[in-house]
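The structure under discussion appears below in the form of structure tokens.
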Amino acid sequence: MKILYFSWLREKIGVPFEELEVQSENVHDLIKELIRTDQKYALAFEDIKSIRVAVDQKLIQNLNVSIKNVKEVAFFPPMTGG
Amino acid sequence: MKILYFSWLREKIGVPFEELEVQSENVHDLIKELIRTDQKYALAFEDIKSIRVAVDQKLIQNLNVSIKNVKEVAFFPPMTGG
Amino acid sequence: MNKKINNCFISVNIQKDDFDVNAEIKSIGTRKIIGGIANFIGVVRDTQKEKEELVSLELEHYPGMTEKAIITICRDAQKRWEINFVKVIHRVGNLKIGDNIVLVITASAHRKESFKSAEFIMDFLKSRAPIWKKEHYKTHSSWVQSKEEDELSLKDW
Amino acid sequence: MNKKINNCFISVNIQKDDFDVNAEIKSIGTRKIIGGIANFIGVVRDTQKEKEELVSLELEHYPGMTEKAIITICRDAQKRWEINFVKVIHRVGNLKIGDNIVLVITASAHRKESFKSAEFIMDFLKSRAPIWKKEHYKTHSSWVQSKEEDELSLKDW
């Protein structure tokens, strides 16, 4: 699965994206799984409320969304377009 | 005094403007004075509610506005700019 | 007619010629404090009220008063919103379907202010600028009637 | 990315290059049924939050998702208002004070519909398009924080 990071999340994680084999079945578990692997994730995901998530390039409102058969999950702060 | 007509009022009166010596002291009397001089004014001012008036290039809301020392009075239908 | 009031540059032109949107936007000049530029272009369209196609739209105006009336509208906008630049170009004469009629540009630090002020100016132009339109068809012509909704919409401001 | 839905042409571009407003307006093509064209240009401004002057604004985005998210916003606008043409160009990369950031053009038979739809699209771009801004100053840099008011303003629609 491709996991992408943008803005200050990208800077905290240190890479714009990574290809990972993950066990988790939903976004919530995926975040916990990442945090277990390295301290940098714990720091990046510290304030989970300020983080937005897109699954296969669609914004999700709920971390329980399944990530089975999903190609990419992206994490980023609130958007500041326009 | 210069009296100007626009749009279908100009067409009904037959001229875009005319220089007239008038006796009237306000717009209301001016219209009556004009109507007395020629039938074409009676026809043009038939539906007075559909006529707008500007005194010295300023729209007026009330026909009692004085026209003493005024340079121009204009009559026209509701505007359709933009 | 150009005016500068409270740091807001107001420019109003009544002309037969077409306008160049790029050039008018460029005329804003320095953009250090500009965050948003709202533009509106009014275009001659065939309202399709008649069975035949519109041949041309004739625009008559009251020279002198038109400029003043539009300046007044722009000033009113500038009292309500923090805008730094307003430009209005209104064409007169004979226009064809698809031709530009009017351009309104407002520039402000904030997008909302530029949008609202441009919309306000357009709404007031409709029934407060001494301009009249006549539609010419192949077999007849008729003066465009003012719409009650245009007058009513002014009350929303 | 170009789409045509219910007779509304939607075009969205994410690009480093600047845009030419005249050319984009021209791309509307036939104007027979167009009465109003609303445009909005977002410009890099120095928000003057810092003591020093802004050196540059960096725009990062999520390639692929950005286009889709903006198309969705345009479609939502098109469901609410009768619009015939929507164009959104959003720049990314490094921009300077005064540079164009974003262009939104909507064309409709009626002025209200074009104004409202352009304003709607701009409002939703602010917090629904996956784009992030970073302000670079001489001595430091900081990510622009989303404004609560931008999120709240979406509820007015």
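Descriptive notes on the structure:
Letters A, B, C and D mark the chains in the order given here, with residues in each chain numbered from 1 onward.
Everything that follows uses one rule, which is that a residue touches a chain if its C-beta (ideal position, glycine included) is under 8 Å from a C-beta of that chain, and two chains touch if they have at least 3 such contacts.
Everything numeric in this text was worked out from a predicted model, so none of it was measured.
The minimum number of touch steps linking chain A to chain C comes to 2. Taking each chain's centre as the mean of its C-alpha atoms, chain B lies 48 Å from chain D.
For this pair, chain C with chain D, the centres built from the Cα atoms lie 23 Å apart.
Rounded to whole angstrom units, the spacing between the C-alpha centres of chain A and chain B is 72. Touching of two or more other chains is recorded for residues 42, 111, 122 of chain C.
Multi-chain contact residues of chain B (touching two or more other chains): 82. If touching chains are joined by edges, the resulting network of the protein chains shown is an open path.
Each chain pair that touches appears in this list: A-D, B-C, C-D. Within the complex formed with chain D, the residues of chain A that make contact are 4, 6-8, 10, 54, 57-59, 74, 76-82. Considering their complex, residues 42, 60-62, 64-66, 68-69, 90, 101-102, 122, 125-134, 143-146, 151 of chain D touch chain A. By the touch criterion given at the top, residues 20-22, 25, 30-43, 45-46, 97-98, 109, 111, 114-115, 118-119, 122 of chain D touch chain C in their complex.
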